[in-house]
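For reference, the structures are reproduced in the following blocks.
Presented sequentially are two complexes of chain A, the first with chain B as partner and the second with chain C.
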Partner chain A sequence: MATSTAQEIKNCITLKGSATIIAEYLKYGINSILFQRGIYPPEEFDNTQQYGLTILMSKNEKIQEFLTNVLSQTEQWLSKNLLNKVSMVITNAHTKEVLECWDFKVQAQSGDGDDSSPMNLTSSKDLKRVQGEIRDVMRQISATVSYLPYLDCICTFDVMIHTLQNCELPNGWDETAGIFIQNAQAVQLRSFSTGLHKVDTVVNYKMTV
Partner chain B sequence: MDEIKTAEERFLAQFEANSSSRRNSSKFVFENNQETFDDTLYNLISKKRKLSMEHHERRGSLDFKNSSVSSLNNSVDGMTTWDIRRLKADLAEAQARATNFKIEVDRLHKLRQEGEILYESKVRELTKQCDFTSNKVEDLEKHVTTLKKREHFAKTELNKVKSELSKSEKTFEHEIMKLELKNQELDENCRVIENDLTNNLRRLEREYDSLQMEYNLTTTENHKLKEQVEEFIDKAEAFDSLQKELDKAEQDLEEAKVRIKSLEYEVGSFGDWKDMAKVSQKRLAEIPQKDKEMERLQSFNKNLLDTVGNKLLLEEQVCDLKGRLERYDNDKEELIRLKVHVSGLEEELKEWKRVAKDHCGENSLICPYSLRSKIEEILQKDILLASEQGNIKIEKHAYESQLKDLQKEKELLTKNNEDLNKVLQHRSSVIQKIQKKLMLVAKERDLYKNLVDSVEKDLTISGNISEASTVEQHLRSRVEMLEKTLNSYKELCENLESELNNIKAMPEIPLQMTANGSDYEYLKKVIDDLKLENDRLKRRKEELELEIEQRCLRGDFNVAQFKVVHLANNPAAEAYENTKHEISKLQAEIERLKRKNKKLEEEQEEMTTKLNCGETSDLTKNFMEAGQLKQKVETLESKVKNMKEVYKAARFEFREVVYMLLGYKIDVEGPNYRISNVFAENETDYLNFRLTESGTLDMLESGYLSDALVDTLQQNLSQHKSLPVFLSQLTVELFNKTTVALN
Partner chain C sequence: MSQFNYLNDLKDLKTIDGGITRGPVPRWQKKLDASLTANRSVLSQSNVTTKTPAKLNLDKARKTPNHKEKTISADRFGDRFIPSRSTSNFDLGHYLLRKEDNKDKEECEDKAEETTANSPKSDREKLLLDSLQMGDINTQRIFCYQNKAPAAPESHVNPIRVVYSMKTPVSHKSGATRYIPTSSDRILDAPDIINDYYLNLLDWSSQNIVSVALGNSVYLWNSTTGAIEQLIEYDEGDHACSLAWITEGHILAIGNNAGIVELWDCSKMKRLRVMTGHSSRIGALTWNSFIATSGSRDGSILHHDVRQREHRAASLSGHSQEVCGLKWSTDYKYLASGGNDNLVNIYQGVPGGSTTHNEPLHVLNQHQAAVRALAWCPWQTNILTTGGGTADRCIKFWNANNGSLINSVDTKSQVCALLWSKSYKELISAHGYANNQLTIWRYPSMVKQIELTGHTSRVLHMALSPDGNTVISAGADETLRLWNCFTPDPVASKKPSAASCKAKPSILRSTSLR
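Right, the complex of A and B next:
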């Protein structure tokens, strides 16, 4: 009996754990996009091993701080299921024109554990499997470079989070308008699921005629 | 029986005796036994025969008696009773005897059988024993034969061995003979050798005596020589001591010489020092004067530098002022232009004000703000109008689409109308046909009526007239009637056929049209309408689905449900700020550079004007000068080459001369000087010297130095501390060596 309970504990993903997994994915995903799309110079990046891949992470302290702030808040909202999606917006630094938008849509799932209360949901999905799915998405993100248009201007990025209307905003957070890309083309990448959250990754980009 | 037994025992005993004595005698004594045995048997058989004979006799007698009895019986009557009694008693007696005999015979038979069985078993045993013994005999015979063979073999071997033995004996004897002969020879040799030895011994003894004598003589001589040697040794020691003293004295002398030389050098250098001291004192006396002069010159120099600096400054200032003046001139011109411009602008402003007055309310102030607000109002209105226009356009589009729908409907209706007209025409034609048919049917009806009437008449006639006379008449009338009806039928047939042809010639009309006309039309219409609407809705649905998908992908969201938030301090905002700053900076820089560019262009113009005036003649001059200089360079280079060659030759000659005169070849190897002697044995025998910074020469360690140089030479070097002396000594040494080798 003791061993079986121990195994159960070992194998389940809680809402909080799921949020952490997604926040981690967002961290690596956003860093990877920053590198792949050449938004910051390549010498500002460092190799790290994650999901069995080599991912380049920004060494810029400002970016690191920004991402940790945003992602810690995202994780909190995720664990309360207050989130609809997270968008990483790439804009032209001069004209403020939106060139690309990476949407990470999050859908809550009921999991397969005890579903008596919405806050204690669990999923018995294997972490290895989840990470494998994430790895596939990361691979696709790296592969998008081949068809996304070349960004030939100085670009910058922002992370926008689509939350529920009743969500309270902490200090330093502002409400903003939604973004719109003219002549947009959308490509849906693979999705992965932790059993409690399903994350779809979509890239919208401006078609250059 | 006893006889038989005894015979048997006897036989057994005899057999045993025979078997025991069998080894000794090969012949059997069976014949006798056999005879006896046969006798006994014969006796036995004869006895039996006797018995049987007796028996037979008795039987015969009995039979005879029986016959007698019968005869008696036959003659009973004739005989007496006594006789009969006696005969009866005899008979009984004879019967008793006969039974006794019988018993005796049985017993004897049994005995005989037993005896036979016993004999048979005995015979069997005996035969078995006989077989066994015969086998044994055969085995033994075989054994004997093998033994015989072996014996034969052994004998042959023995013979062989004997022959070999005799042979070896012979050989050994031969050898012994030989050895004896050899022994004799050796004995002889021994004797000879002994003789020789004795002779030798005597000779040696004699020699020994003589040698002893000689030895005595030599020992005496030796003693004498030893004495002499001791004397010589003493003398040699004395000589050595003297030599040492001499060496010491020589060394002292050399040391003294070296000292004297050093002292002489010192004395010489002391004189130089004196001169130098004098000169330096003079110079010292001159120093203060020179200092003063130097100060003066320095101050002069400073003044000169200041003036030069001032001059440069002034030139710069002049340049600056010139530039300023030009700028001022330009500014003046611009000022005038600006004044004109300002006047124009003022007029324009007045115009604007007037316009503002016209457009603004009379109550409001006339100022740009109000004008702006007015314009904004107008713009807003314009926007509103534009939006209205957009709405109207949308409405127009909607109306247009409605119009299109209506037109489609109209088309449909016209189509329906046409269809209906067609149907109407068809109907009218059908009605005509039906009328025709009706007529036909009426005709048919009339015909049938006629027929019925005729039949009725016929019946009435048949009912009334029963006689034959009337029958004919009646038939005739009837035939007529029937002919009439037949004709009418024919007519009818023709009519129907014609109608049929007509119908065949007519185009086919759909049966349904005739079936339920108005209902069907209505339903069809409804269905068509519904179909159209369905298509329209489907198209709309697809469009909307596509739009939804696009919107989903593009990241549209439900504004009512969600809000978009972001961190205020995000990199994008920062980047925008940075770009703003950068742009302002860059614009400023552009301005600056533009000004600079202008200035440079002006300067360049000046330069070009200046150059155009007087530089053209200088250029040709410069070319000529360059050509001359090149030529000069070439001549100088050739000169240098020549000089080099001359120096090379001179150097070579000088080296050769030095080599010939001083006996040393000097090579320079980097910082080292390599010196090799004329008389050196190998090319690798050389000395290395290095010129130190202080100007002295250091001799470097080399293999040649340690191996070949004599210690004394080194010693001298350390004593005199003079390289020329050392080198000349080395030369002498090497020269001596080589000359000795030649000699």
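Right, the complex of A and C next:
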């Protein structure tokens, strides 16, 4: 009896835990994109082991700070299911033209545990399986270099968070308009799910004629 | 109102089935307008009799502006309200207006949706917005953090460039992997060889004898035995300017600086004939069976029928300056000549005879320098290759049938001579400054196969051995170098022989059947 409850606890993903998993995925995903797309010099990256892969993480303090701030807020919104989509936008630093947009679309799922209250949802999906799914997406991100256009300019990036209408604007944040890429081409990568959130990764890029 | 245009466009997009709002006014509408204004004028005239004096005045003023204008204009514009628009925020105002509008619309739509569950318009709107990735403006907010991430440093160059700039690697393994010796097989001394771009001082006979003019002498080098013989030594000041072996290989034609063509029987070391006709030195000579063709500094080209007492068969015009290249096509249908006037002329020939017309069939004027290097493709007999001098540096490919340029390759160096390989689909070119190299090109891709360096001064002349394996080159550095660059691949050479063995019986069979 005791073992079975222990097991239940062990395999349980709560809404908060799911948010943490997704925020972590976003952190590694965004860093990986920054490296793979060559947006920042490769000297500014350090390799780490995650999801059974070697992922290059930015050493730049400003980028690290930016991502920590953004992602901690994202995690909060995620844990309240206030979030639709996180967009990582790559723009030309000089002309401000949007060149590429990585959309991480988040869909809430009901999970398979107790669904009496929306805040107490749980999922019994194995963490290993979730991480395996994430690994597949990360691999695909690395492989996108083969078809995405070459970014031949000094670039910068921004993260835009699409939340529900009833979400309050926190301190240090701005409301912004949606972005639009002219002559865009979208490629959907694999999805993964924690049981409580399903995350689709889509890359939109500007077609070069 | 530029801020409306985008939204208006969007709206227009959504209502394709709506009325036409842009473009010229339709004909029926123009007519309607015209009739309406006509009516109005009638009405206004009728108003004259009734009691609306103010309006009447206005109408009149509009029609006859010079009449009573002053007083009326004071009436009209004196109390006009002109708003100051510089302070109003149109974007905000428009947005707020629209927002209310949308709310109303949505309420309406909600009601409508209650009645008709799936209104096609809202569906389309949704799809459009979705595809535009705008999301519904009312159901979501987009946030971004104020302290943006820094841009990459200015000096940064995207390292992924390597992936994109990589050209498809030219595999040296695929296709004809073949070994080409990079150094010359033999080097012979050629003292006093005249360093003149306009002369042709080297030829290799079908009997394997190389003739070369050094200073005022002509030497024969038997490449099988290695024996060297001096054929002739001219008087001081005279020298040979061009050498050409007859196809059969025992008679050598020598054009000298006096404009005389001499025929020598080299097996007997005896001069057979002296043919005059040119007023200046003969820089180019070529044979077509019994016709020797000579090109001279005076720009003339002569056909000499060596069997006839009256040897001059024809004279070709077309060059205004020195002729420095002459070549018959491999099927003797065309004669190509290159001159110092940067022209390449192609003359229509008769196999086993001279040319039919004295005027060139095609005049090719794309070269920017004197054309000395001429070569005809052995397997595509209408393809002519020409190479230009220092100012041009190009190898050009021509279709002699219609005189069109097929391809042009900039070699970055003076092209002195060109030869086609008999065993490979390749050609070799001899160059001057800066590397004095021989370059082997694959045809038709014109990929550089190899560069053979060794000469220390420009490579002026080149000749192919009768078996097609060896190339001899004469440089201004007073050396002759032999390159075994076209040696057939032992594995590959077996296959065609096997194929020809197979082909032979089939021909026999077909003839016996007949």
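Everything below uses one rule, namely that the second predicted complex is superposed on the first by the 209 of 209 C-alpha atoms of A that agree within 3 Å, B and C clash if a C-alpha of one lies under 4 Å from a C-alpha of the other, contacts with A are read in each partner's own complex, and residues count from 1 in each chain.
Here, contacts are C-beta pairs under 8 Å (C-beta built on N, C-alpha and C of every residue); 3 or more make two chains touch, one makes a residue touch a chain.
None of the values given here were measured: they were computed from a predicted structure.
When the two complexes are overlaid on chain A, chain B and chain C occupy overlapping space and clash.
When the two complexes are overlaid on their common chain A, residue A:A93 makes contact with chain B and with chain C alike.
In the overlay built on the shared chain, the residue A:H162 is in contact with chain B and with chain C. Using the contact criterion defined above for the overlaid structures, shared-chain residue A:G52 touches neither chain B nor chain C, since it reaches no partner. By the document's definition of touching, of the two partners only chain B reaches A:Q188; chain C does not. Looking at chain A, you'll find residues 62-63, 66, 69-70, 73, 84-85, 93, 103, 154, 156-165, 167, 169, 172-180, 184, 204 touch chain B in one structure and chain C in the other.
The part of chain B that touches chain A in the complex is made up of residues 550, 553-557, 559-576, 578-579, 583. Against chain A, in their complex, chain C makes its touches with residues 132-135, 138-154, 156, 158-161, 163-164. Against chain B, the residues of chain A that register as touching in their complex are 62-63, 66, 69-70, 73, 84-85, 87, 89, 91, 93-94, 96, 101, 103, 154, 156-165, 167, 169, 172-181, 184, 186, 188, 202, 204. Against chain C, in their complex, chain A makes its touches with residues 36-42, 60, 62-63, 65-67, 69-70, 73, 84-85, 93, 103, 145-146, 150-152, 154-165, 167, 169-170, 172-180, 184, 204.
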